[in-house]
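Each structure below is given as structure tokens.
There are two complexes below, and they share chain A, which is joined by chain B in the first and by chain C in the second.
Our next item is the complex of A and B:
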């Protein structure tokens, strides 16, 4: 197969758009692929349509969102090719990417691949989470950004994390019918995180911004309850209510829509499929690729930037996109050592400055044990194949120690989502059952295709290999 | 279940299980259906339980519907187009296409 492009970037969020801009500006041929119809990723979703939607809408989403417009504009002017509406279903160590678009499957080869696939929300396996009327909080934020929609039925938000305060406030101010916000962060976390506070405060304005969001949420008039846990969703065929323990009291909430959120985790599919080594991160309770300071993975041609390499947020993601593109340009001989050093100084400084803040947030919002391992046996872990926590614990008791084995026993992780909604839970559950570190238990082995592709699409694919 | 707070002049119409659904230009099939009050997009493969789109970013695969005769399309990743014929996904859908 011939080489089609110097750099292929996967994912058009802040990391991907910045990486593509940097590569193209350095004179490399570059294509940016994204499965959405337009660039922006999830954080800057529909950013190029913001101007057309009026001032009030921009005010609701806030200035951090609006900042994405400049990143998208730089990308559009950079000369990098934008291919939106394209899914990457395979990536190998030689830089060959399998793509699916409307017209079918095709393969391209890039000299370097920068995976900027971003994050997804952590699965929240609670009783009733497969009922119609249960969605992730991020999905409601996505509807607000991409379609200017808000819920018009009684809605309860439950969960924790920085996004909880931001998204809940945005939804309330946009007119969503929010009945209550249940914050599941345990109160004692403030103590655990306190030691890291002074350094986190020095990392920039984010912490103050986060506190401001929380204050706005508390002042919004919507019922806000902290210290909630034991979330369970009730209903037959659709959601009719939610029960939670708040403090030491069981409380029932009547609602038709529940929005769950327990933080975000890296999208690891493509880098894992390419063979890059991933380690378990105990604090973020997820797997992340092993990277050098510039985003190079353990596979020579593959780099990772942004949240796909570990959760850091939009500003850090853009800096990492810049660093990865500089590393690729340097490795390809496009820029020399002095140029590399000159270009990487500022983004490297930003990465260093943001690290203490991340550690503080990770300590504060570390997922509770019941989020990682559902205590109830009837709770569904694998939504696609409908495998419960009880079934997985039964399999573990038979002597099954890892997720690949439990997949063969139960089909858990084998459905269309390919483990995106269950792999973390399966690993944490098996690790807990055997009293082991999840790092030792391991992650479900991922194989291509990581997105469903039909035989017809494959057969129709042109290939000059 | 959801309502639009910014109305756009231009729209398209498609069909869901025989019903006409309006979508604003650029909206996904899943978003338009949620604004139309439809949450239940597929039946689960094992027990046939009703399911609704969960993540809307292409990760959960709970919004797999049949579009113009092709099964297994992600409603949250597909922009609504004029005249599309959309049916609920799941076991019943697999039966129909045989």
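Our next item is the complex of A and C:
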């Protein structure tokens, strides 16, 4: 396999589309890979079909969503190749990518790889979270965006974060039967975050927009309860209700669908599999790759842009995509130093301007301890292998200090999700059990494939992969 | 921090924990010093065979030692279950080394016959060369390219991860101490063991640190010339039980997943995976077991074998610093029963049996 392409970009959200556009416009051959059938990523999912689906729909999703159309249009005109419906199951430090699509597995080599794999919702390991009838709020929003679909069964939404206000309002306006929205953000967080408020307000319009979504939610007529805590989902074989403490009162809600959301974290799997170093971010309570200001990782050929490198939102992601592509173009000798400086000035300024807002939001919406470490011993942490918090605490008591040893002892993290749904919880739980910082506890070492590939497909790898 | 024990075992992997368990059963107060979460840890990446056939070509002592360990394994597994409640999944069901061409099978026949001929009667390993139909009777899933295989009833397999957990659990339940994140920096006479977590004192020490023993051995007047040899492995999604006997590179685990290995690579300390090697393993696996073609791989990894120059174990007490022992091998699962049941009592007595002389590293001296 010779070098197939100058730049491979993984993920067609705002960061990936912008990176691919920038690279192609600079004259590099570029391929953009995405799991979905069409570009847009999670935030701009199905963006190119927006116009065809009517004004009412566009109004529900809002003007921020519509902004994605311009990014997609630039990408389509850039000359970058779009390969949709492709999963990347492996990425190595030499820039070889293992791809899987309907027609089978194949391998390509890129001179530089920009990982723009975006965010994933933080796992919310509360009692009952593995019951059928529990899904993430983000998945429900995805169904709305891509298929204009909402569920008509009694539903409770519980969680916190900017997406809570946005997605809950969108679902209500689209006709979902929401019985209650439980906001789990502790009230004292306003105080903690207050110091950062003035600078956050200057960072742009997002904060005002967020407050507008929250107002819209409160005015929707749906029961909205703040300061909720101790969420537990009830049901035998499927969801029948939810219990929560609201203020100082235990409240029960009958429902057959629960939508959970406690913010998003970087999707780190591919950068980790490639061997890039990751540090623990204490404020966002997640792992993020160690990056230079342009997105270069500790692995020479691999860069990260957008939420995959740390949660920042769509506008920041696009700027980071621009920066990463410029860095790759510069490193490949495609643009000179002066051109590099000229092209990076505007996106760098945007990154600087957005930082205070991020800090404010991270402080405000930092996940509560019970989200990071399930207090009850019966709560499942690893869904694939059904390992409970209690089992992991027993293993910690055996002297096991890190997630790789606890994986060997308990199988937690060994299942098909490759730790996507449990790795963070395991690190935080072991850190708490030994009363130390998660940065010291470390993270699960990820091994390929990050998406399932068959033995037969692996047997078909080319001779020089 | 200064802590004392009768014996300090350096290394909390399968070799170290089996010896520590054996020493504890002899009544010794044992302290195990182990590294942290990220270390080379052959115990975490290995294949899980208790394998006898083919071991010890040119070294009858190793063939006999392996056979004796396999003989001890059923009792060893039972006792672990009694003491810890953990069933390590040991199944002594007999194993097949399958052959994909006739030349390979002929070579196997010669090798196994030579090993048997060199062995004393009490540890001789009876084997059988099977033709295609003979293999198919035992493993109906083999493909048409399989021409035959070699079989012994002594072979079996186990969950290596549950084995380590059982050893750690039993050792701790009986009051054994394990210090993790205590990488050993220096060992001085006495013995005083300096680690990242302070110093520890003991009259006796056992180096069971795998690849780390190469660095530590000279500090106590020993030589443990081991090097890493990488093996890449893949594991599939769970399947209904269908492979009821292990082969030496494809086996169905007690959980139902199918583990497929092996490679033998000189890659230094790089324990990653490479696509060309995984591809070759996958190709061979599909030839041997065609049903694997459509089975999904969950995970691939590399692990580092602890290899001596002749591939056989090293057991030795220091002559210049008596009381310091070294124990290392690349078959920590197979030999776990012997390490706990035979080697540890010798260390507790303070002297290795004369029968262990062939395992001395002096066999590598060139002069």
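One rule holds for everything that comes next: the second predicted complex is superposed on the first by the 459 of 465 C-alpha atoms of A that agree within 3 Å, B and C clash if a C-alpha of one lies under 4 Å from a C-alpha of the other, contacts with A are read in each partner's own complex, and residues count from 1 in each chain.
The rule is simple: a contact is a pair of C-beta atoms (placed from the backbone, for glycine too) under 8 Å apart; a residue touches a chain by one contact, two chains touch by 3 or more.
From a predicted model like this one, the values you see are computed outputs, not experimental measurements.
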Looking at the overlay, does A:107 come into contact with chain B only (first), chain C only (second), both, or neither? second
Is A:53 in contact with chain B, with chain C, with both, or with neither (first, second, both, neither)? first
Figure out whether A:132 sits in contact with chain B (first) or chain C (second), or with both, or with neither. first
Is A:416 touching the first partner chain B, the second partner chain C, both, or neither of them? both
First (chain B), second (chain C), both or neither: which does A:275 touch? second
Touch test for A:191: chain B only (first), chain C only (second), both, or neither? neither
Should A:452 be classified as contacting the first partner (chain B), the second (chain C), both, or neither? both
Answer with first, second, both or neither: which of chain B and chain C does A:148 touch in the superposed model? first
Applying the touch criterion given at the start, work out whether A:35 contacts chain B, chain C, both or neither, answering first, second, both or neither. first
Per the definitions at the top, what is the overlap between the chain A residues touching chain B and those touching chain C? 415-416, 452, 454
Can you check the complex and tell me which residues of chain C touch chain A? 36-38, 43-44, 161, 164-165, 168-169, 172, 178, 180-181, 234, 236-237, 255, 260, 272-276, 278-279, 282-283, 285-286, 292-301
Per the contact definition, I'd like the list of chain A residues that touch chain C in the complex. 90, 92, 96, 98, 107, 275, 398-405, 408-409, 411, 414-416, 418, 441-442, 445, 447-449, 452-456, 458-461, 463-465
Per the contact definition, I'd like the list of chain A residues that touch chain B in the complex. 35-37, 42, 49, 53-54, 57, 87, 120-121, 130-136, 138-139, 142-143, 146-153, 174-175, 237-238, 256-257, 267, 383-386, 415-417, 420-421, 452, 454
Note which residues of chain B are touching chain A in the complex, please. 1-6, 24, 26-28, 31, 34-35, 39-40, 44-47, 49-62, 64, 72, 77, 79
